[in-house]
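Every chain is named by a letter (A, B, C, D and E) in the order it is written, and numbering of its residues begins at 1.
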Amino acid sequence: MAAASLPAAQPAPLRAVRRFLSSYGLILVLLAMPVAFGIQDLRTEGDLSRLANNLLDGLSNGSVWALVAIGYTLVYGIVELINFAHGEVFMIGSFVAAGFFGTIGLTAATGGAGLVLGLLLTLVLAMLASGVLNTMIERVAYRPLRNAPKLAPLITAVGFSFILQNVGLLWRGGSQQSIIDLVKSQKELFNVFGVSVTNGDALAVCVTIPLVLLMTAFIAKSRLGKAMRATAQDPDAARLMGINVDTTISATFMIGGMLAGAAGLIYALYQTTVWYFQGFTAGLIAFTAAVMGGIGNIRGAVLGGLIIGFIQQLSDNRIGTQWTPAIVFAYLVMIMVFKPSGLLGEETREAG
Amino acid sequence: MSPEQENILEAHGVTKQFGGLTAVNDVSFAIPQGSIVSLIGPNGAGKTTFFNILTGLYKPTLGRVAFSGKNITAGRPDKIMALGVARTFQNIRLFGTMTAIENVMVGQHARMKAGLFGSIFRPPWVRGEEQRVRAKAAETLEYVGLRSGVHDQLATNLSYGDQRRVEIARALASEPRLLLLDEPTAGMNAQESESLTRFMQKLRDDFGLSILLIEHDMRVVMGVSEHVTVLDHGEKISEGEPQAVRSDPQVVEAYLGKQEAERQRAEQEGAV
Amino acid sequence: GDDDDEGGGGGAASPDAGGTVTVVSSLPLQGAQRPQTTDMVKGIRLALEQVNNKAGNFTVKYESKDDSTAQAGTWTPEAVSQNARAAAQDESTRVYIGEFNSGGSAVSIPILSDAKLPQISPANTAVGLTSDEPGAEKGEPTKYYPSGFRNYVRIVPKDTIQGAALATVMKKDGCTKVAMANDKEVYGAGLSRNIENSAKEQQLDIIFNEGIDTKAPNYRSLASRAKGQSADCFLFSGITSNNGVQIFKDFAAALPEAKLYGPDGVAETGFTDPKEGGIPAKVAERVKVTVATLDPASYPEEGKKFFSDYEAKYGEANPNPYSIYGYEAMRLALDAIERSGTGEREDVVKALFDTKNRQSVLGNYSIDENGDTTLTDYGVYDIKDGEPSFLETVKAGA
Amino acid sequence: MPELPRNVRIALTVAVIAFGALLPLFVEGGGGFIDDATLALAYVVMALGLNIIVGFAGLLDLGYVAFFAIGAYTMGYFGSLFHINVNGGEGLHVLVAGPAAELPGIHANFLIIVVLAIVATTVAGMLIGLPTLRLRGDYIAIVTLAFGEIVGRIAINGDEIAGFGTKLTNGRQGITPVDKIDLPFSEPFTALNLRPWYWVAFTMVLIVLFVNFRLRDSRLGRAWIALREDEVAAVSMGVPLVKTKLLAYGTGAAFGGVSGAFLGSYLNTVNADQFQFAFSIFILAMVILGGLGSIWGVVVGAIALSFINNRLIPDVLNDVPERIGLDFDLTELSFGIFGFLLVIMMILRPEGLIPERRRQLELGEGIEDLAKTGDDDDPVYQARVP
Amino acid sequence: MAMLEVDEIRTYYGNIEALKGISLTVDEGECVTLIGSNGAGKSTTLRSISGLTPPRLGDIRFEGENITRTPPAEIVQRGISQSPEGRRCFPRMTVRENLDMGAYLRRDKEVGSDMDRVFDLFPRLKEREKQKAGTMSGGEQQMLAIGRALMAKPKLLLLDEPSMGIAPILVERIYETIAEINEQGTTILLVEQNANYALSVSSRAYVLETGAVAISDDSATLRSNPDVQKAYLGG
């Protein structure tokens, strides 16, 4: 029998619209703002340098988010926990770094090898501090709840996020604290076609990209990476493979924390301001980025972080900073509508 | 199968592709009213996929499905269920934190009327409905052979075999006209499989239920079905009466294996 | 206290008056405003300690209440109304110092007005709480006093005055295109509206006045918008803890030539001193801030004494500017209790509104019939060695 | 644990209700206790509403504050001076007496406002629910969170949006004051006598409790659990996905709206700063701490957290150093303490203060008990602390 | 000394006693079958041996050492691998990655050739090397689960209903393989419902009933036991 084609449930034009939307809707959504603004710029200013500057700012800001988001998504992927404390671990990393600058005598005048060496040392310290802190939180607040209802660790995470914020508050007070500008973050490094690239931009991008490549390779290739993925997907089966699930989870928190620490340092260098509350915002953005890209997917988290960076800068520049969070979230909702499992999320067989 | 018998389900040219893989390829198929029909084939032949198309979980790439004359292609699963098509799952999908009896009560969702306000104010008719549904669920569980002692246990706490029974009960309780069973005897021993075979026949005889069965246990397939369709690589490779299909060389080659065919033959002869 | 010579009637307390009365303060002790409010409480305590807990014949007890919650991190209506109600219920409470936020006072005034409990705000600047002058919403201020009883006074000038002062300074400095940002708080937004109004009068071009997201990590894109529109001055109308430091740094970087301005909300070392996390010296060079307090040198003795006493007690030479308002709020409360004679709430209210020509740490002021202070002079400060340093006085509205 | 006979359970329920209802008569009418209690009851209403969404239907909602906001703004729009120019400054008055009847602006009877709030939040709940229908697990969480934040942002920035001669919101300035509740056959409420407020809140709680219990053991309740457990299986068993999920969002949201309208009036303000993410988390913590899906658990969780937040930390703990003669400011540790308490409570009782029945079963506790119970629609059965 | 000794173990799920004192032994090189009706406790026995649900009472010894409370990962390290009930493949990993996971603890060079062996046994897996396991059909996943357990190259292999959901033609192949690897020296403990094949490859068998051992005997003897025939062999 000839295969009858699909019964017409909808009139043809509607169907075409739907099909078009489902395949290109996402792209339309993502490009809407830049394209609209680009056209506007061409009309009013005659060139695209304003847009290009926005996008560059977005890229560097987004790189910082991406760094926070990778650590977030790693932990998220493995224990399926919305880790509200992650942002605070990142904040502590920033504080440690900012505090250490003074300790080892880095000043705005330090340059060249001294600066590089000092920063590397700080990096190690910040990563260690945040890594250990994160592992400790896991041990104290999440591990005892391994068999509890899935949402129970969410509350301990919130609890720890409060505790750490309080630590930050006691440490550096309630206002934003300006710290020394070691890398002359806002100083122009070079300028192409009216796009001004600053030291901060270069730093953020140059640190993020290698780290992302490294992490992706690590998760895909290394034994620990494999163990992490297996544990994430089915802990009992992972045990049957000879994987020590507790150790793996600890290691994941360690790595996640270390990434947060690295991000903390970059953030401190890039913004030259630290604040006890910075982790809350960063955590929320990292969560958003992780989900936008597809939970547990590292490249997705990076993509999510960058997209958020772009949206934020475009919106700050054109629409108004007070609306920026709302616009970021509106974008998120639209992306979720078109890609329910995130931009790079994997769909698995659901039926049967 | 007499020609004047009405078909309760007809599928025409159903095709389903996943990316580059064609899981079901242009399969046409019919289930006569009140009959038991089996769908067999090697692993990955597309049987479960076909089920998922019939029940609305997958949208076929091509093709059309009609249930008692109504087009249900890519219809909403819950609507298809409400029309009278109930199913079980190959990988058992019970509601883990519900008790066995509650699971079966959910199966009757489409047959109940209480809405939001009915549920809140619980007028007498809603009370009556609840009682009826609960009683029916208990009865169905007994019917599939689940001891009353475990009716109030959570589904996750049941053993594999018992979970299968609850699943069948859950499907049955909705009083379907067509029952789709995906490897119902997996995880059951020979005796249990046999009683399930008899049970299917009884369902058909008592309630005029039509059954579509996916099964790898040839003893069950041979024992119960009036008609067998064989899929391989998504295509229909053979179809007909069980005996005929069983000796179809293509089926032996792709699915049964020489040894199994041999054994079947021996058994058959022994039994006669 | 030695500021009662002008108050009159202080010594005339009826012989049977006396006993213990309570003054409560209700301030957000959690979250972003904590730095201001804790120094304020310190100022309050200092004031009370200096008079040995005495106001005339009354022994004064002080109770510090928190109008924020840990969970919210800022003032909450729940906490404000709870504090107001508790104060109203407690017979011994005679003065209520608060709230810090104008929005909070909008909640507590109606409750306290019903209970005829005198209220002194050390920080509210929203116009509409006391008067219906431009800047107030329709229906203000009567809607806050449902029974018609005015119980509320404040010791900080309302926004109209500082707005004019800032506009004047910018005009004088030769600004032509001003980029403005405000923190959207009642204080910051209200003040920025007043600055805009005054700027218009003085033909200053405000290219934008952006309400910022105070939790944003940076404002580089916003600053680059100002650059795109060739702004030559930048003004942030808000408080330090609403990301004041970051926004100044970002605008300073994007507009290397521009002059930068801020209101009293940023006139504190947390903003001016890099050692305390304030803006870097390079940026500070370009900043001017206005404060209702004048040059410490031109302060009355009282004022100088405050700073030295504060340092003696708490070891901080440069407290948050709000500490002095806390101090003065308590001083005024004590003074009014003493002047009231009976210490009864209605009498204290009357005494508050009767405050005339009071010599205080803030300078010489009276309370007008709306409950506003008559202080109008603003000091313009620039920043030297991480500290605000007095430049000149501007006459508001000039 | 021995099973309580049915009539004992009924007696116990009646006793609890009577105790709750009569409580205000024994305390100061304007005191801190009744204030805390009234707030706690308002939170109980929200927590039970959220419990329907998260506990029953398993849809992790991190944006519940949106419904609080919408309920409160309904109160603000229809019971304050917000629309001061309406009717040429004369005001519109619908079945109100007392001071409100004289004022400009729109002033409707509280009961009407409640109905409007229910309608508004139900619709909002469903709208927010729509984009989450295809989503799974935590993807739902972020989308609801997003909506909560968007609503919060609109509240804060609404003063920039104007139309029809009015602003959308009053921004951070807030809408103040708000009409007091004015019920038929009673004196208008006042800010200083809190007893009537308490009783209104108490009545709301009784209603939500009733609805929660009825829904839990109903066709709809089962459908929610089924969807929460396995969506594919549930739809294959005839549970309509869209309708069932939206009903959960809608009902849960409605209670948030009712409570929001009440709080708007009770707190005398509708202030944009209240509608922050932290509030969603606060309510969610009540639900999880109490015991996800467990009705009495959520009640206890809400009361406990509300007490910790509004009384224990600000008033009890913060006074401790002063009382024992230390010059130490505990307020600077407040949210650390709050966080610490959350962590400790959760670790000590991972299943929640009063775990849901299913949870107990899953742990293999008390299966024999349950087998005997048979009928468990009686609230008191759940009240037993295991 | 037997390779595996299970001594009077009692395993609980919460308060439910699933195993009420089960004892059994498996000698080195042997193939032993567990049969029993639904809920008898077969899977629980295997889970207990692997350490997933450690018994509350009783002892399990492997190669003379007590492993009753040893964590699962270490038990695998000692040489016990399991193909669990319900397949439990890693759904978002590809077929090949799943097989790699099976050899997680191995560091020898023969992993590659063992993989080829699995591919020989199940050509479908080779064909779908890059497919995500979660999208495979039930039977395909079962193949993968067995293959994955084989990849560990264990001393003792635990198989929980390996033929479940497998087409007849493959069941043959699987049992041929079981017999083959058993001959090559791998000890096997097998749980099966359809005991025909199982009893034909195993030397001894235990029949479990409601958490206890009801019969234990030679496979051949059991096959001719009328009760067993009726219940498990469809006789």
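In this text, contacts are C-beta pairs under 8 Å (C-beta built on N, C-alpha and C of every residue); 3 or more make two chains touch, one makes a residue touch a chain.
Not measured: the values here are computed from a predicted model.
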Steps needed, at fewest, to go from subunit B to subunit C via touching chains: 2
Far-end chain from subunit E, centres as C-alpha averages: C
Of B-E and C-D, pair with higher C-beta contact tally: C-D
Separation of mean Cα positions, subunit B and subunit A [Å, integer]: 46
Distance from the mean Cα position of subunit E to that of subunit C, given in whole angstrom: 76
Distance from the mean Cα position of subunit E to that of subunit D, given in whole angstrom: 51
Subunit A-subunit D separation of Cα centroids, rounded to whole Å: 32
Multi-partner residues of subunit C (at least 2 other chains): 34, 70, 184, 211
For subunit D, residues that touch 2 or more chains besides their own: 156-157, 160, 232, 332, 334-335, 338, 359, 362, 364, 367
Subunit A: positions in contact with at least two other chains: 162, 169, 320, 322, 325, 350-352
Interface residues, subunit A side, partner subunit D - complex: 76, 80, 82, 84, 140-141, 144-145, 147-149, 151-156, 158-163, 165-167, 169-170, 284, 287-288, 291, 295, 320, 322-323, 325-326, 329-330, 332-333, 336-337, 340-342, 350-351
Residue ranges of subunit D touching subunit B (in the complex, touch as defined): 210-211, 214-215, 218-223, 225-226, 229-230, 232-241, 247, 251, 358-359, 361-362, 364, 367, 370-371
Subunit B residues within the subunit E interface of the complex: 18, 41-45, 47-49, 90-91, 157-162, 164, 183, 186-194, 216-219, 254-257, 259-260
Partner subunit A, residues of subunit E touching it in the complex: 50-52, 71-74, 76-77, 81-82, 84, 88-93, 97, 100-102, 104-105, 132, 134-138, 148, 152
For the subunit A and subunit C complex, residues of the former touching the latter: 50, 53-54, 57, 61, 64, 162, 169, 172-181, 186, 267, 271-273, 275, 277-278, 280-282, 312-314, 316-318, 320-322, 324-325
